[in-house]
Each structure stands twice: as C-alpha cells, then as structure tokens.
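By letter and in written order, the chains are A, B, C and D; residue numbering begins at 1 in each of them.
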Amino acid sequence: MATITYREALNQALAEEMERDEDVFLMGEEVGLYNGAYKVSKGLLDRFGELRVVDTPITELGFTGLGIGAAMVGLRPVIEYMTHNFAMLAWDQVFNSAAKVHYMSGGQFRCPIVFRGPTGAALQLSAQHSQSLESTYAHFPGLKICMPATPADAKGLLKAAIRDDDPVVFMESELLYALKGEVPDEEDFVIPLGVADVKREGADVSIITHGKMVHVCLQAAQQLEKDGVSAEIVDLRTLRPLDMEAILRTVHKTNRAVYVEDGWPFVGIGAQIVDMIQSEAFDYLDAPIGRVMQADIPMPYAKRLEKMAKPSAEQIIAACNAVLYR
Amino acid sequence: MATITYREALNQALAEEMERDEDVFLMGEEVGLYNGAYKVSKGLLDRFGELRVVDTPITELGFTGLGIGAAMVGLRPVIEYMTHNFAMLAWDQVFNSAAKVHYMSGGQFRCPIVFRGPTGAALQLSAQHSQSLESTYAHFPGLKICMPATPADAKGLLKAAIRDDDPVVFMESELLYALKGEVPDEEDFVIPLGVADVKREGADVSIITHGKMVHVCLQAAQQLEKDGVSAEIVDLRTLRPLDMEAILRTVHKTNRAVYVEDGWPFVGIGAQIVDMIQSEAFDYLDAPIGRVMQADIPMPYAKRLEKMAKPSAEQIIAACNAVLYR
Amino acid sequence: MAKVKAASRDRASSDSGRNAPAARTNGGLDGLSREELHALLFQMLRGRRFEEKTAEAYAIGKIGGFCHLYIGQEAVAVGAFEPLRPDDYVISAYREHVQALVKGIPARNVMAELYGKRDGCSGGKGGSMHLYSAEHNFMGGWGIVGGQIPLATGFGWAIKYRAEDRVVLCFMGEAAVNQGAFHESLNMAALWKLPVIFIVENNRFGMGTAWERVSSLYDISQKAVAYDMPAAVADGMDVLNMRAVVREAVERARSEKTPTLIEARCYRFMGHSMSDPVHGVYRTKEEVEEHKEKDPISRFIDQLRGADLLTEEELKSMDERVRAEVDDAVEFADQSAEPGDEDLYAHVYADEDVNGRLYFDGRR
Amino acid sequence: MAKVKAASRDRASSDSGRNAPAARTNGGLDGLSREELHALLFQMLRGRRFEEKTAEAYAIGKIGGFCHLYIGQEAVAVGAFEPLRPDDYVISAYREHVQALVKGIPARNVMAELYGKRDGCSGGKGGSMHLYSAEHNFMGGWGIVGGQIPLATGFGWAIKYRAEDRVVLCFMGEAAVNQGAFHESLNMAALWKLPVIFIVENNRFGMGTAWERVSSLYDISQKAVAYDMPAAVADGMDVLNMRAVVREAVERARSEKTPTLIEARCYRFMGHSMSDPVHGVYRTKEEVEEHKEKDPISRFIDQLRGADLLTEEELKSMDERVRAEVDDAVEFADQSAEPGDEDLYAHVYADEDVNGRLYFDGRR
C-alpha cells in the first residue's frame, strides 16, 4: 500500500474517475490554472484541459446551478467549493433543485453531481470561515453525505460519490489535506456509501463520530487506554446513507456511547444518532448517551478562544468517563 | 378578549410596534401596495407610508442584507419572506451576517431584525414550496427562533421578537393565517421568548411540539382521551431560547414523551429534544421517546401522496400508544 | 461597447418588424406557408382553451396548489418555439402549462399532472409548477423565481461540452431579472459562449408589482450591456414578430454559440394565480380591458384573414379540433389513476442500492 | 441609454485627470494645501509600513488565519476617504487593514486585533478579515465575497430613512462584481436613490484568476448601465485622481442621493494572502515588477517633489513618525492581554435576558 496524503488521495480519485468516464468534469473557483486553493486539483487542468477542469467566476449560486443543469442532461459534474461556508450562497440550488429534481420530475431526471470542499474550523479563520455544515445538509432528503477522515476513505468514497447517480455532498477539511495514510494500490479502489468503519476496537465505551474528529477521538482513546478504559471508535464515514447496523453493533457491545462531532450542538447530527440509539437500543443502554461538540457560538478568531471553542480530547475523555460513571 | 384571526393578530402586532417605535419598518415582496401575499400587512402602507412599508424586488439575498445593514445602524427591520422556502437564497446573509456580526464585532454592532413568513407544507404546493425549515435555522447560534401556533401567541411573540435586540427568525404558516382565537385585549400584550405553553393538561403521556402541529396534536389528544389516555401537550412556542424546564416538568410528570414536528426526521429538532431529555431525565423515562414527523421525502404534489407524507393525528396516536406499550 | 450597438441594432430590426406587419405580409407572412401559419394559430388556440379548462377544473377542486395561467401570453411561447428542433432544450418557471404543450408534451399528460394523477407528465409529483418531460426536452417547471436560469446555463454547458448544435430557451418573468441568479448566469453564458437564449416574458407585473417599481432601469434588453451580450426586444403579443426575433437568436446560437437576451413585451390577462383577482389595487379593470384589445390570438386571426390566409371554415374546424383535444385531455386526466402507496418513496433517490439507511421516518 | 453617456462622461473627466497630472499640478494639486497633501502621503506611508510589519508578525506566528495585505493599493483608500466626514460609513471585504486605519481606527487597536488580543478593535474575535469600529463608522471587515454589498445598501437605506446627509463607501474586489449580491444591491441602491458609492478595487486578480477570465465584459464601470446608475473609472494608483473621482460621487450622493459605481484600477503587489506567493502560475515576476514601477507612493512623492511641495526633511520626519506609530502599535499589540474565558460566550447574543436556554453545549 502506498502512503499518500489526503490531498493526493482526492486528486487520484478525481483523475481516475475523469480518466474512466469522460462525462466527469471538475468546476469551481481556482481549480484550474491555480491548481486549486488547496491544491487538490493539482495538474488536472494540464491533463484534462479547459472543458473538464473549469475555473469559475465567484458565483456559487450560478455555477452550482450550472452543474445541476449539466447533471440533469447526463454529465457528472464535481463542483468544488473553496469551502462549504461559501456554498450557503448556493444552498437554494442544492436544496431546491439538486435534492428535488429527481422526485419532482417523477424520476425522469437524475442529478449525478458531487458538491465537494472543506468544512469545519481550520486554524483562526474566524466565524464566517469555520462552520461545520454537515448537519444542515443531512436534514434534506434527496442528498447523500460523505465525510471521510483518512486518505484511503477520501479516495474510495470520492470515487463512489462520483459514480453515484444522486447528488452527493462531500465534505473535507483544510486540516486533513496534508494528513498521510496508506491507500490500497488495487486497480480500482472504491468504498461503497453507507459503510461505517471501526477505526479502533474497544470494549468499554463506544465513541461514534465522523470526519476529522476521528483523529481527536483516537488521541482520547489512547489516553483512556492508559486509564484502563477500552474505547471503540466507529467512524460513520457517510451520514446519509447511514450505517445504523454498525452503530447498534457497537452499542450492543459496550452499552455506553458518546457521539463526537465538529459542529454546533443544537440540532446537530449527534442528536439524531442519540435519538436512534435510544429508540432502537433503549434496553442496551447503561447510561444516557453523551455528546461532545464545539461550543455553541460563532467561532472566535483569537487562538486561545478558538481552542476553547473546539471539541477536544479532554472533553471526549470526560464524556466517556461520564457515561462510565467514573 | 377579542376573537381574531392569526393574520389579524400579526397585523396588530406589526401596527402596534410600528406605532410605538419609529425605527421599526416592514420590508418584503408585496407587503405594501398588494397588502401582503397573505394579507398580513393589510392597511399598513396606507397607515405608515412607503418608507416604513417597503415593496422590494424579488431579491431575497439583497433585501435581507439591506435589512441587516439597517439593523446594524439602529433600525429595527421586519423582513417578510413570502415563504421561508425562498429565504434559502438569503441564508448566507442570515447565517453569515445577522447571526455573527454581534460576535465578530466584539459586541459593537447589534442586529435587531425579524425574518418572518410562513414555513412548512400548506396544501399541494409541492416540493419547493412545502419545507419546514426551523430545524435548519435552529442549528445556528446567534439566532432566536419563534414558531407561534395561535393568534395570541402570534401577536405576543411577534411584539417580543421586534423588541428583541438579536436576529429573530419568526415562522408562521399559510394554514394558520385564517385560524381564529382569543387574544388578550390588554394595552400591550407581549409574550417573552423562551416560555413554553401547556396547550393541554394530561397525565399519561407528554406530546411535545411546536408550530401548527399543535392543532394536529390536540385532535390526537381528543381521540386518545376517548381511548382512556390522558395526553399533555406542551407547545414550545420558541425553539431558541428553549424552555427546557417545561419539557423536564412534563416528562417528570408522565415519564413518557413523543415529539411531533412538521419537518423532516433526519437531524430534526425533535432529535435534539430527545437527546436532551434522555441525558437530563434518563431515569424518569419508562420508554424510549417517540417521534412523529413528515415522511423523509420532498413533498409530492398529488393530494393523496401529500396527505400520506404529512404527520397525522393517527401517527401521533400510534406513537403515544407505542411509548405507553399499548 | 460594441454590443450596446449590437443590442440596439437587433432591437431596431425587431422594432421595424413589429411596427410594419404589412411589410412582412408582402413577404407572404415571414415566408411561412398557410399550413405553417395555421399550425401557429392552432397552438395558440389550444393553449388558450387548455388554460380556460384548467381554470374550470381548478374552480371545482380537481386541481390544487398554486396555478398560474398563461392566457394573453400565448404568442410568446408559440412564436418562440417555432424555430426550435425537438432536441433543443426548454426550461421555464411556474407559468409553463402552454409552453409544455407547445414543446410537444401531450395535453393529456399535462392535464393529468395538474390533476395530480399517475399519468401526469411528472407522475403527479410535480403539479402545475413542475411539469417535466425528458422525452420532449422540457426541463421544467421551477417554482423558485430565477432558479431555472443557472440550470439553463448548465444545459448550454453540456451542449458545448459535447460539441452539439442544440440550443436552450430559458423563460423567465421580468421580475426574475432582479435576482442574483440572472446576473451570475448571463455572465457565465456570455463568458463561455453558451448557446442559451434568455427570454424575459415582461408581462408588466410580478404578482402585484409593476416592473418600474422594482427596477431602476426600464429597458430590460439593456441589461445585456453588462454582459456584452446581444439583445433584442420582441412584441410578445405578435406571434410572427416573436418568431422572427427568436429565430435570429437561435441561428446565432447554433452557428456562433452566442447567447442572447430577449425581452418579450406582453401582458397577463388573468390574475397572477388562481387565488389572485384579475385586477385589483395594482391595475385597473380598464388597463386590463385595454390590453385585451391587443389579444395575440384575435390579432393573429385578423392578420391572417386580412391576408386571405384563413377562412371561417378553417377557423371553425381548427376550433373544433382544439376543443376535442382539450376535452379529451380533461377526460383522460379525470380517468387517470391516483398515484399509489408505492409511489410515495419512489424517485427520492435514483440509486438506492447502497448499504445503510436512506430514510429516517421509521415508516420505510 | 442616458447613463451610458453619463458613465462615459465621468470616465472621460477622470481619464483626462489621470493622464494629465501636470494640468492638475498647475491648479496647486487639486486645491489641496501642502499640509493636506502631506496628510495623504502620511496615510499612504503608514498603511504601507503597517502592512510590512503585519507580514513580519505573521511570519513569526504572532498573527494567524487568513491575512490579506493592501500593499500597492494604498492610493485607493487614502484618496477615497479624503472627501469623507467622520460620520460617513465605510464597509469593505477582508483586505481592509489600511482602510480601517485611514477611517481612523488607531493602529494600536487594528494591530491588536490581528494579534487576536483583547484590545483589538473587534475584541480579538474578528481578526484580520473582520475589523470593526462603531465609533469610526467602520462597518467591517467581511469574509464572504460580495457579502458586504447588500449591507452597504442597508446603511444607505438607514440614511434615507432618517433623512440624513451621510454617505456610504462600499469597497469590493473586482471578483465580487460577478456575485448576485452585487446585481441585487446596485438595483436597490439606484431604484431607491440610496447614497452609496460602490468602489470596485480592480487589482486585476481574484486570487489567481485574472478579471478577463471570469467576466464577459472587461469595463466594470459599464455594468452601471444595467442599473441606470452614474459610473466612473479612477486611477487607483493615483491618490489625487482617486480623491477627485470619489469626491464628485460623494457630492452627488449628499446632494442628489444618487449612488455611483466607481472602478478603481489598481494592482496587488503581494500574493493574494500570506499563504500565496507574490507571483506564480497566474502572473509573472516581470508583470509584478512592471506594476511596481507605478508604485502609488513613490509616484506621489515624485509628484510632490516635482511641484516643490515636499522636502527631504519633511519626508524623513514623516517616515520617522510612521515608523514610530507602527512600532508602537506592534509593541502595544504584543503587550495587550489575550481574551479571557469570560469572553468566549460574550456577545453571541445582545439580549440574554430571556427565559429558557440559549446555549446547548452543556458547557454554559
């Protein structure tokens, strides 16, 4: 297995899918000549040309709608948002067009499109640039949501997302692009949507999470290990479809769960998981399910405040201890 | 007490607040000359003139931002969306400007603005016009959310929302505008944000809800009564701030709860309430908390399908029986 | 500023076209044969009749939701579609019943959709505002004002991507011009040379708001200057002028791949929707009556008669065919089955062959 | 098309102004006294120095996040603000450090904000992209491209609502012109006659994308035609021309309440942000060097010297004052305290005196 960065993994996925299917094209701000704001599309313009790697004006609503229209007539656009924070300008098209056209047309038009880019807080980018928006996307039926945490997942899931016939919101992180990890060399490595991954086996408590928090959870688990607590970490990888079986499996195993997410608490995805566990595994729970998330505030700029606002390993450890009544 | 419609109650609230404070103005599509798409602003243009009742171009993003700017410098705009479905075009301004400017500016600028209009499904308006968007708004710190179900609540809460110094998302319903109800005659009737209202006393099961579903819950409760089940109905009225005490009170009383909402299930407000109850009243629960919501699909046009998709009294009754193990 | 002139030039040409029908008549009515002219009239009559029946059905509760009639604007769609090929794309807003018909969707399936029936062109899921037909390249049917404009550029992009010679007609009401989506889309269309013709149906009002009350510039075609895009103004009450102006734009789009902005000046004879009175605070009865004098259908009939291109018999039989077709459509819609339980969750996702859960309502 | 001419006229005037500085010199440098001219130079020098120090501080990790420098564009802000009164509003995007300084926010508080300190003009919560000062009517500091444009119309609306004679200056980069927010806002400003001056800082690039690669129309001032709004082009590398053009617009805004669109042609000497190289795939080293020849500061210094309006001693002492002020600002920022725990939840809501819960993280 080759060890590459998350960025390279995404780049390979894009290149391979564009190679495999000429209907696939990449469109967004700075994706071409500039090789991508975060260099995910490095070299793709030279390789595939201006029709398939398209630099757009800064018009999120416009080029999102353009992509959806192109998808309705059979192309498979990958729309890059420099960050999902800016996609809010395009949400009308994502929610009112992409998520609904297949249904409104009685199945006559499909919308095979991927909306990708980083989400969540990076470092001191302050309030407008630091939002974890997966919970908002997840609420709308018609969309599928991927949130890979490792290079292998990034590559395998992006390839699956591009091949999927429905609109897929694909969420990355500025803080993950440089992360290195092993990626299978196999010819055509694809990870199907809806399959969670146990990132760490454990017996005492289940930490369920998604996206870049997986890594913070791993740190917490190491510390817990030292304290004699064996934590299992389940990375959902995709939020819709959702691998509920994997969630129930780990809860049945440990009887205690904590959901960890990067975003805001109120009506966050964690609440939904809690709801499903309590309704489907009520009798297996030895304690209320815990949640760890960012502070319920717009992200502040000051380094110290930002650190306080973000979900931390300490908080995860505390939450685990709480459900373990330790 | 006078009996008036929900529409008239909103109209009175607007008129009284505009009378009371000359910084208050109403802006939106068709609010002036046309007297409002749903006639909520009837007569206000004649009474307050063109500077205070403003017909806008169809530019949700633009006039929302205009309102936010006006609020930053001390005016108190009430922005009407013909429906909140269209507000998606303005969400960037609502989430990135209104919800954050007070924080980003270190408290230097306030944003006393109300974003009001109907939300949720009316009758056969199909997918783009039938969305319950409160769960999405509720996720963003910096916003406050009101969702009145009766004429009295509509009047009292709108007056409170206009006087509040933070951005308030105020959500109505096309199906409630003609609803009649008693409204206190008192000089200046205001309902503070964050106070839930028990719409029906009961002992066996708690039905917690908000917005127009209150009325469907009341129908269900009547039927349950006949079946010998006494249901208590708690109307949250505002989602943020949230009257958690009222929720815990009713759960402590009945030990069984069902959350009913008009919107989609995945990452809906109901999941958040379930999460809070299970973590704060775990030992009081005799059964997992139930949830009733609309089908997890874009709203279909066909009358029959729409009826199937909407949350119904039958489903509420079934959910109550389930948590009662009957 | 080259294109400003271009815009003016185009407008001039269509202006003359508009003001001197006689001139055109001598050309044998724009070089259209008697049959072709009758086809245009038939389309307009059918559209009018279809909407009248729609109003009746709505009144007795057979049709629900929002319903926006096209009565008075028939010449815009009928004239604009004449230069099109079946493989050209059309997308519109929610006032699109007649456009769907003219693009070729059978009246039966359009009416069935309004009735919310299974045989509807959207399977009963879209309704009046969301008519679709992949077979006829009719792309909807959109309810968000301006929402269809970026999508149209997407069809144009696909045409360019595949090096085809198809074109896209994108309809919008004049009120949609103020939306940011219009600005973003026209820039991309002009920048990337996409074969999209943006037709603004200026029927003077957005619900109860007159255009001049919401735009600082009255002349919509001049908005094209901001995108260095060719523009033209057409008389939307004159089917032949409509056809001539759109034809020019379609040819330019096919050959040079350039987009065009066309302002079609027309007028809405009915209320904004079925729940809106014909006249009210925003326009007087007199104003409406005055415009009805210029009814595009009677005007075209007079024109044909004046040129000895239409006999009473022909008109009568045409009218009979129209009534027969529309009555049949209503009958069909009435008979068509309601969508079944299995339809509720059909088509939310095109690809449900995935692991894990897609639905979270516990009902499925 | 009246306004196209209007636009051209304005441009002509500013063109001549731009191309014949000598002519202006004979007028005693636009009727500005020696002291006033020195004040402009001082502002530019201080802005330049401030940004150089900012770059240093960023390099050693004292400043974090995104940081966009104004080096090369100083003449735009300094010239544009000269005609303003303290009570006039200014709003901008994220490349606003120098604009905040010129509007009057003390260098200490601006630098402290970049350092994320408590004494920062946004209390350390905003950072480089979100500088605010209610006292100085500096309204931010916005990170969403185009997001500040509708807000500016809101300030203009409030001015109209209160019948004041203040004006609003709204800065944006040229890439923001393509956003729908630009289109929607300019229409409202022109339609309702709001005293807002939209200044497009055309520094040729949006990150790594040249303007002509993303707009079908090169001449930004012509976009005003779509809104029937007066427009002008200014030489953003010439502080006096910048001032002259904005002054005309400010006067028109105060007296006639009309908005104006101004394209300020300038150039960015540094990379887009601190993480972006000065030159790269999108522009050559030569191109950058070439533009540095027209450095607005040295150009203005030469102009003043040429007119015997600046001595070496004056320049030297000015430079010393600048260094002293900026060094003091850095020192101050360094010493200023970090925000405290109690600041984390402060100012999320202005009114927390409500029943029920506002926060749901269980931490508060």
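FYI, a residue touches a chain if its C-beta (ideal position, glycine included) is under 8 Å from a C-beta of that chain, and two chains touch if they have at least 3 such contacts.
For clarity, every value in this text was computed on a predicted model and none was experimentally measured.
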Study note, to complete from the structure: The chain whose C-alpha centroid lies farthest from that of chain D is chain C
Check your understanding: Out of A-C and B-C, which chain pair has the most contact pairs?
Key -> A-C
Practice item. Give, as an integer number of Å, the spacing between the C-alpha centres of chain B and chain A. Key: 30
Check your understanding: Which integer distance in Å separates the CA centroid of chain B from that of chain D?
Key -> 40
Check your understanding: Cα centroid separation between chain B and chain C, in whole Å?
Key -> 37
Practice item. Return the residues of chain D touching two or more other chains; collapse runs of consecutive numbers into ranges. Key: 122, 124-126, 130, 142-144, 147, 178-181, 184, 187, 191, 214-215, 348, 359-360
**Study point:** Per-residue overlap in chain A, given as positions that touch at least 2 other chains
**Key:** 56-57, 59, 61-62, 85, 89, 92, 96, 103-104, 126-128, 141-142, 240, 264, 266, 272, 291, 296-298, 300
Exercise for review: Please give the residue numbers of chain D that touch chain C in the complex, ascending.
Suggested key: 1, 4, 178-184, 187, 190-191, 214-217, 222-223, 225-229
Review point. In the complex formed with chain A, which residues of chain C make contact?
Key: 89, 91, 120-126, 130, 132-134, 139-144, 147, 149-158, 160-161, 180-181, 184-185, 187-188, 191, 346-351, 354-360
Check your understanding: Which of the residues in chain B end up touching chain D in this complex?
Key -> 25, 51, 56-57, 59, 61-75, 92-93, 96-97, 101-112, 141-142, 144, 164-166, 192-196, 238, 240-245, 272, 276
Review point. For chain D, which residues are in contact with chain A within the complex?
Key: 64-66, 116-117, 122, 124-130, 142-147, 175-176, 178-180, 206-209, 213-215, 280-282, 338-339, 341, 343-345, 348, 359-364
Point to revise | chain B to chain A touching residues, read off their complex | key: 61, 85, 88-89, 91-92, 95-96, 99-100, 103-104, 126-128, 131, 135-136, 138-142, 240, 263-264, 266-272, 274-275, 278-279, 282, 287-291, 296-298, 300
